């Protein structure tokens, strides 16, 4: 499927040059994405099969598919040794145009644990080459070298979709601008499932910089697959969730509220089953004094959690700076270390389903 | 063989400090380069044997040796599974003092596909340490660690030759300043062979910035091994091919022409079997308005190819920026994606011949 | 054991923020460090067993432990093939927040030669995140991914100790600020042993910038395990050995002298069995003219060695710039290339003892 990259442009985030992108689409031979894996698998049409699939947007994943990933992640945790050869002979390129220790490590170890071979491409200097042309040529080159999967992080919106359209090997989006980060959202939902038992009926708050977060949209899209979900977006107006997210939630009839006034935060916190924290960054505020005025209200500490349910789970994609107090680490509210540890089994599950040898 | 590094200095390119280089030569113990590979191979004298050889300059390769590489590359493409253990137990260091996604990836995957172990050293920060002394110590250290082959890219002329003289393990030049890039030229000639059937009798044009290109000299040197070759260097005077290349071609009686006037380009294009495109870079022109005036004439698009033979092949080392129009991608003129894909089998062949286990 | 990081702060070297470090200590669950290796080993109490041990400071190593490392290093050199599976199934993270080609390569190859898997994390950009909080989260994440050992280089004092306290997997300090570099010191002492036959009774000089060196303190601590050692610290007052080193040596009754006047250098040199050279760096001098005045006296060349014993060994952690003349390379005084080559067997021995499969 060929989708034009979204045209929404976020401040400070370079869009891919759409004209040249379109020129490439026209120039590209149309390819069938047919995958022969192991000695018998082909890409089948049955809805939960992720074999050969690109993981570009959380929007593309159905509840069935998500539950398949979780089932495999459970199995990875229970029987990890059974997975040591699932990627044997497979080559995974990690093309990180924007650095990320955490996400890079997680994918690297996931692929190695499955017996796959990793081509580590940490290419921050390619940022100056975010032109579609160069990215296109780099991707075609990786394809020419026979890589079986490309995991890509890129500072531009639309970069992952572009890559998925350019190469026939499956592309896994490891973060595309502030647009999406679907595998982070998969591990986040898996964490909710493991810690809370179910996702249905959840009251989920997201707090901090929701406008520039790549995780928040992906998480909102994923949980919209579940029943009776209620979302609370807690952020100052300037950093509220983007319109594209609201449109999607409206479309799928997901209930959500936007909490923009400091004085409404305690009441919002009191309603939540899970609080997802992201950081306010000073540089996002046009007026620095505005940041100074607001930051205290968006710092999560024991004082703020006075209003919370005893069972409230606090999540954070880590590493934090100061938006989440270390005091909370010792309380049962702290879900974030478990959350971090679920990155490995979920990414192993994704690799196994998308590029793994049929077992 | 110990050769003094060439003294030709290109603007913006740091030469190795020759005095200290000479001091090292004097200081170095003379070593026999003896290789025991597998359990029976030693470095033999027969002319096509590349075992243990440094690949520093395209000038060092004879036609026989080149054809041996191509023969093995053909075999790699036909029987790739037979090569999966050719570098087993071998350690290849990739010392990239200047970053290059494409060349780095190609060597990395080539070594891994042969079962070798890769030490990835992306060391752009070493650029500030281009002093001969530091490079010497780094190379001796790699030798001390028992690496079996060093693939090196370095921003200085002479760096690869220097390395080859310093360590006893074979050194493969992955680009040394604007001097040479022999493995790129090997894959380029292989592409010509595969697409055209033979190299003899070719009329080969090279267009763009020929003065600062590292690929153009290596390609010119390699094709001079073949019969009835005619080269056309198409570039403005300021960016014409360097004198050292002309001297070499004269020496070997290779026919070549220099096309420096814009109005002569169409006629030159019409004579070519293959057109090799490199990019004009604005920063190479002392006068920016000169660049603006010329750039249109050196941009390869369908309009320029009106004058070309139907069978003309267009080559480019990729990634391109805007010097090669995406329109051409869909035409049979576009050899450059195949060209990119030949990087892997040719580099696998080079590794197999130079450091591989005897089969 | 939980030790507060030392509070000594060296100019230009960011200390870890102690308050937040303490907050983390309070927040951290206390963990038992229990290691089950292979199918029978547990961490035993007998004094020379290094299994599961952090290698943070040279101070923590006894003579028995050091001799165990040397014994295994000897065995590695004699029977390297017997070690090819000692780290099979083990994952070693190389977290280099500060780049180092040499140390990185040495650990990388050591782990690979033992059959271990390496997660290469070259993260100079993390330097801007030297806050304890971020490092804590990164370390917990690596632990969550199941790495079996973390080798860390970090520009801050105390960083390695902090890491060792945060994660239950063993931490190997590959350089922490200017504080320590214990594995370098281990290979240095091994070199002395191999070249001189014994360490007892040595007269060891250290020359150059002793104040900001991370190697000099570790080496001084290690040799203090041996009998009848005499140390000579040869440096201008501003760059003399740090007080913490003197306190330690006094405590252990190790004889040492400080040579601060240029005119006393020849006499000091004449007494030495081994001279350990480090570089004077111009930027360390508050007054640049002071540097110009002194540098000649601290440059080691054949002229300086006129005063030396015939058997004097010169050591240097390489790469050098100009503090050690290439003339010496050809003389028997030059121990530094052998020294560099001992990095591999000693680091293999350390890995084997600390995280290896029981044999």
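Going in written order, the chains are labelled A, B and C, and every chain counts its residues from 1.
Just so we're on the same page, contacts are C-beta pairs under 8 Å (C-beta built on N, C-alpha and C of every residue); 3 or more make two chains touch, one makes a residue touch a chain.
Because the structure is a prediction, the values reported are computed rather than measured.
> What rotation angle superposes the Cα atoms of subunit A onto subunit C, in degrees to the nearest 5?
With C-alpha atoms aligned, the rotation comes to 120 degrees.
> Is the contact between subunit A and subunit B built from the same residue numbers on each copy (over half shared) or from different ones (under half shared)?
different
> Using Cα averages as centroids, what's the distance between subunit A and subunit B in whole Å?
Between these chains, centre-to-centre, one finds 40 Å.
> What are the residue numbers in subunit A that touch two or more other chains?
Residues 120, 122.
> Write out the stretch or stretches of subunit A touching subunit C in their complex.
99, 101-102, 104-106, 108-109, 112-113, 120, 122, 124, 318-322, 326-327, 329-330, 337, 340-341, 343-344
> Help me check something: in the complex, which residues belonging to subunit C touch subunit A?
Interface residues on the subunit C side: 20, 23-24, 26-29, 91, 93, 117, 119-123, 125-126, 129, 131, 133-134, 136-138, 140-142, 144-147.
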